[in-house]
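Data block below; observations after.
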Amino acid sequence: MSKLNKRKYKQLSIKTEAPQRQEPVRITVIDYNETSFEQKEVNSVEECFAFKDKPTITWINVDGIHKTEILEKLANCFELHPLILEDISDTDQRPKVEDLDTYVYIVLKMMSYGYEESEIQLEQISIIFGNNFVISFQQTIGDVFDRIRERLKNGKGRIRKMGADYLAYALVDAIVDNYFDILDQFGERIEFLEEETISGPDTAILKEIYHLKREMIFLRQSIWPLRDLLRGLERSESHLIKDVTRIYFRDIQDHVIHIIDSMDIFREMLTGLVEIYLSSLSNRLNEVMKVLTVIATIFMPLTFITGIFGMNFIHIPGLAEHWGFPAALAIMLAVGIYMLFYFRKRSWL
Amino acid sequence: MSKLNKRKYKQLSIKTEAPQRQEPVRITVIDYNETSFEQKEVNSVEECFAFKDKPTITWINVDGIHKTEILEKLANCFELHPLILEDISDTDQRPKVEDLDTYVYIVLKMMSYGYEESEIQLEQISIIFGNNFVISFQQTIGDVFDRIRERLKNGKGRIRKMGADYLAYALVDAIVDNYFDILDQFGERIEFLEEETISGPDTAILKEIYHLKREMIFLRQSIWPLRDLLRGLERSESHLIKDVTRIYFRDIQDHVIHIIDSMDIFREMLTGLVEIYLSSLSNRLNEVMKVLTVIATIFMPLTFITGIFGMNFIHIPGLAEHWGFPAALAIMLAVGIYMLFYFRKRSWL
Amino acid sequence: MSKLNKRKYKQLSIKTEAPQRQEPVRITVIDYNETSFEQKEVNSVEECFAFKDKPTITWINVDGIHKTEILEKLANCFELHPLILEDISDTDQRPKVEDLDTYVYIVLKMMSYGYEESEIQLEQISIIFGNNFVISFQQTIGDVFDRIRERLKNGKGRIRKMGADYLAYALVDAIVDNYFDILDQFGERIEFLEEETISGPDTAILKEIYHLKREMIFLRQSIWPLRDLLRGLERSESHLIKDVTRIYFRDIQDHVIHIIDSMDIFREMLTGLVEIYLSSLSNRLNEVMKVLTVIATIFMPLTFITGIFGMNFIHIPGLAEHWGFPAALAIMLAVGIYMLFYFRKRSWL
Amino acid sequence: MSKLNKRKYKQLSIKTEAPQRQEPVRITVIDYNETSFEQKEVNSVEECFAFKDKPTITWINVDGIHKTEILEKLANCFELHPLILEDISDTDQRPKVEDLDTYVYIVLKMMSYGYEESEIQLEQISIIFGNNFVISFQQTIGDVFDRIRERLKNGKGRIRKMGADYLAYALVDAIVDNYFDILDQFGERIEFLEEETISGPDTAILKEIYHLKREMIFLRQSIWPLRDLLRGLERSESHLIKDVTRIYFRDIQDHVIHIIDSMDIFREMLTGLVEIYLSSLSNRLNEVMKVLTVIATIFMPLTFITGIFGMNFIHIPGLAEHWGFPAALAIMLAVGIYMLFYFRKRSWL
Amino acid sequence: MSKLNKRKYKQLSIKTEAPQRQEPVRITVIDYNETSFEQKEVNSVEECFAFKDKPTITWINVDGIHKTEILEKLANCFELHPLILEDISDTDQRPKVEDLDTYVYIVLKMMSYGYEESEIQLEQISIIFGNNFVISFQQTIGDVFDRIRERLKNGKGRIRKMGADYLAYALVDAIVDNYFDILDQFGERIEFLEEETISGPDTAILKEIYHLKREMIFLRQSIWPLRDLLRGLERSESHLIKDVTRIYFRDIQDHVIHIIDSMDIFREMLTGLVEIYLSSLSNRLNEVMKVLTVIATIFMPLTFITGIFGMNFIHIPGLAEHWGFPAALAIMLAVGIYMLFYFRKRSWL
């Protein structure tokens, strides 16, 4: 938890802020228009600057946001506002869109299940697009955009014919599509929990439900703002978003609403599961108590009868007779059978 | 659940997307105006194109959306946007309306109870209407629109006199009317559950309540968006919807609000049932515990008394007397009767 | 429940729709202006038509909506839209107002407790008012408007001086006033339940609470839409509602908000009652268990002591002594008293 | 409860409406401007009329609203709408503001704890202010406005320098200030309940919580509408409210929002208390059951052992030996000690 | 609680209002522009007035609001409205912003954990900024603004280059940043509670949960209004807030929304913890009851068997035989073992 909130005092100069991690930062540049396509991995950020004034569309993808000097050079070149720079390197941003005059800044969260652990991994992705450039920042080296690179390379479909805004749309779409995988996993885990809960309550189930609820909260926190974000993009008055692209942003909006709907379903299902779990506990207690009561109700009177004939009075009728012991046993049997019938009538057995 | 969310990465070309199922696609064309009526089942989609430029109103009904080439030919002929085409073949759409310039696209869900299983069947229905044409897409061959075909054939009522927008209204109305049957079924099942719950709690009841709640969530998810959808149609600025038709869309809106109201009622009733169920469990536990307590409270003191006279002390007064045993029995009887009175006073018996 | 939802497929011609019940339809006409007043019961609906073009205000009250031909004749004469006609005869309408050009259509629900049964009776009332006429439809012959007839006859107050819109207001006001009686009944029943719940939990109470909640849901469903309906009327741009009448519609609005507020109070009170009920159950279980525990805790050690001296060892000290038995009894008494003190200290007794 | 809803059919003439109670109606008139101040108690309402046309500001305070003829005379003199008159004498009004052309009508609720009873007393207060007059109506003779009279008399502060709208503000402010006392009482009672609940659950506590919740509902019902009311006054376009006064109405708005916030806090605290209460009940049940189980688990095996040696078999080893009885006791002691260790290990003791 | 609501009747003159505490009031003045910087602690408030007409930006920080005469002198000098003055000294203000013509008034809450106690400390901070001055009021001497003083002194970053509105932003930002520390603490305490609850329910945990919920409510109450406050500042039409500063206020808005999101997460986690806690209680009860039932079910039949052979009938078969006692023991052993198997099959052991 504390990881989520651990946020140092913001400082207005980023220089000293960013953690100095040692992994290298990978910068990839793709430059294309309808007819040409060029892709290269650059070693220094300055190599990107040449692309800035070309009329072709340039996509700079930065994997790693911990090298402040790289971010600052890019910011200087593309004239980014210092606060934007700060937001890119602060990985605790809420998904949002900032519509500045010469570029649009989008920040959102990508979700994935880690390979070795079952915890959901959150990664912050920042996308900046202007007239003829798109810059994307990922926290770590990832493959979520590979499919788009493929499409750009092949030159099939409409992606090469359209502008930077369409590329930005494609990036956001790839991230949102990712959520559906998470949803699928949720769906399967809830289905599994359902079967488990009905077959018998177990504390482990409740912990798993609780765990799922917690993950769901995080997921919702990441997705809810997307709705407004995308509505903002669709209705933006920015000249950077062409009318022909707006319908595509509306399309992702529909996907996001679909995800939110599914999460509401999951949520109500989890609430229902808790109810079933608790009532199963009550049911089980009832069962236990019935067993106890049946046993006690049968054997207490019987033991009482043995007690009567176990008293040391001399003059107890029947003690000395041959029929005494069988008669006593018969009485006890009758009492026992009567009790069993009684419980069967109340359908406790 | 996973069925619902299993949604592959969207691709911008549909060609490889749609599942290649082998059932045939049935295409029916009805062409009519106030005086003429023509209905035929076509074998190839191209036969429809001739109707496009006729001034009469043409209704093309496509049963089956898995043949991509048919969809694409229709799209080309009627100039549909690629995203619309994608939405038609993606059966996970949320109900919505898209108001494009030359046509209006409506997607909604039809619900029905399957014959052999008690699960609700969801089917996606897409309706596109333009100036003088309506195209409807169903996932499977169905009979929900038969009644409208009948009305068109008979030529009674106002349906033949009005335009394509009215036909679209009639199709939506037929689907919404269908929901009332589902609601009726819900109502009957809840009534049945009510009687069951009150007569005695059973785990099966809770599972059935949970099952109903789940179905209700799906139903709500399908119906809620309809409200906005229909308001959108009623207030649309599209020239394709004539003023005289708007009041009809408002009428369906009223039906949808009625359905939503009923579902809210059902929901609160189910919540109430869970409460009754849980308190019945508690009540039953109370009953069981009372039985146990009554039995224990009566027989423990009695057994203690037998124990006293069962001790092997030589000098216990009364052991040797004739009145000893009857006196002991009398004491026990008195204790037992006192206990019974005590419990009756506390109204446990 | 099913009564509420049983709604056949709507047909655009009403002729075959309405149930052909055999009770007669009573039509009453009141025609008045500031100086004149005429009231008569007509046998055929055609007698009403003469009043249509008179400058005086005409109020036609129709008790019974099952004779389709009567509704249709009225509709023809007053040029009502076919959908309005449909709404009048479909008794499952949600309260709403339709502002057509030459008349305003209001549909709402009247509530009353049946005399012989404790169920709430819902009756749909439709009111249509135009420039100089008001038509009201009731499902059965009722007396809710008698007071207004009285006022019209007496000619006191402002009712005769004002227009058809004011008469419509008076009708709506009479219906809303009726709700207060229902509220009073609710209040009394909840007060009664409160006393019952606190004096001791009983399954019958829970069922009654559940019953009340259900009725409350129906009531709310009828009243909530009234709020918007009346706001709609107050702010309507219709020329049929004069400015001087608007303040009266705002006044009923206040009453409706007052009713909604009271229902919210009732609702929270019922929720609180369920909580008290459930915790009373828990409390009672606690009480039962305490009795059991006290009894068991006192008699188990005692019985154990008797068991010790009941063992058949020959060399048990004290068995043969005179003081043996009294000593054993004394030990047991001491143990018993100690236990009682212990429980009193824990305040279980 | 029924008191709250008991509302007779509204009649448009008030003459016969108001209950004819016998307490006298006290009318006080204060007439002032920046330099002059005059206060007198009048015997007949007609004495007030002279003040109407004076340029000074006149405040008429009427304690008692049951004398209809007084209200009507005032209404005639100050040209009040009949519906306003009705609202003043109907003590079931929801707080609201009516902005008529020549005066503004405010109705709100004053709350106070009765001296002899712990129930909250609700009193309806109506305030009407025009250009140079304020009329206030209280149900009974009260002292809530004494402080304002004092300030007017002393002539200190800005109250004498400002207009009738400021005086109206001062009256509303006095009433809202009163709510803080009620809130304080709530706070203290909740704090007390908190301590009680934690120290041990008791049915009386639950009833008190329920009682507090009910009072809270009433309080909320009275205060919520105040928010809109005051916003309405602040933003009113009425020429009767001067710009310099608006900031004061916004100030009371802040107080009302503060009260609503506090009530939300109280509400959540009460909900939390119910949770603690219920879990305390469960805890206590657990405690009781543990005692029972410990006792049973210790003494049942022991009693069984005594039973073994109490059987009348002749050849039971050890019965005749001197070490027999001590050995049996030793076994029992060992079993008992083992059990105690077992329970301590499970930390039940 | 009562501390929170204890608010005396507001009086329109503040003179007698403020509590006359004896701690000194510390007033610090910082005067700066891009090139100059001057800081001094003043002894009398009049020393500040000289700065008012200088073109440089003046920041007056007042630690302590209990000396009414100091507040009044400042108010006179900077022409503050009397209600503003009142709000500054009333420490029960809800966070809000008042946009007056020549200055903007912001009031918000600072939170901190007290050193010696674990209770959250609330401190009210008022900030007033005009064209070239900022006045801030703290309740006690604090160090929250030290970092800003540092930045001003160093003259690095943009703070010295920008106006009074930017300084006000920096102050608000410092306060909001403080909330993140509180959030961190919450996160850690909830994580700790989670582990505790899962390892075993304890009444102390529930009290701690309840305690945390209460603190959360207070926190929320302080932060929620901040959202609107900051939106108000960002979109304010005041000429005092320059366009270049608005983006900074939007930035704090994002932080506040982030805090609100985190609190929603915490809240749902606490609710989930209560659920786990309650179901753990039920589980534990189940465990206890199972132990009891197992013990009773094993020993009751065994004791009954000993009772049979303990009866004093003369003719009980086997009593006199050598195999009698071992046979009885064998029977008992068999019964006991059967029971153990039975319980293992039901997986109670």
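Miscellaneous remarks
Labels A, B, C, D and E are assigned to the chains in the order they are written; within every chain, residues are numbered from 1.
The rule is short, and it goes like this: a contact is a pair of C-beta atoms (placed from the backbone, for glycine too) under 8 Å apart; a residue touches a chain by one contact, two chains touch by 3 or more.
Predicted, not measured: the structure shown is a model, and the values here were computed from it.
A rotation of 145 degrees, rounded to the nearest 5, superposes the Cα atoms of subunit A on subunit C. Averaged C-alpha coordinates give centres for subunit C and subunit E that are 43 Å from one another.
Chain centres here are Cα means. That of subunit D falls 26 Å from that of subunit E. Shown for subunit A are the residues that touch two or more other chains, namely 278, 282, 285, 289, 292, 296, 300, 303, 307, 310-312, 316.
Taken chain by chain, the contacts form a single closed ring in which each chain touches exactly two others. Residue ranges on subunit D touching subunit C, taken from their complex, read 1-2, 4-7, 9-10, 12-13, 81, 83, 92-94, 96, 203, 206-207, 210, 213-214, 217-218, 221, 274, 277-278, 281-282, 284-285, 288-289, 291-292, 295-296, 299-300, 302-303, 306-307, 309-312, 316, 318-322, 324-325, 328-329. The touching residues of subunit D, when paired with subunit E in their complex, are 147, 151, 156-159, 173, 177, 180, 183-184, 187-188, 190-191, 198, 247-248, 251, 254, 257-258, 261-262, 264-265, 268-269, 272, 275-276, 278-280, 282-283, 285-286, 289-290, 292-293, 296-297, 300-301, 303-304, 307-308, 310-317, 348.
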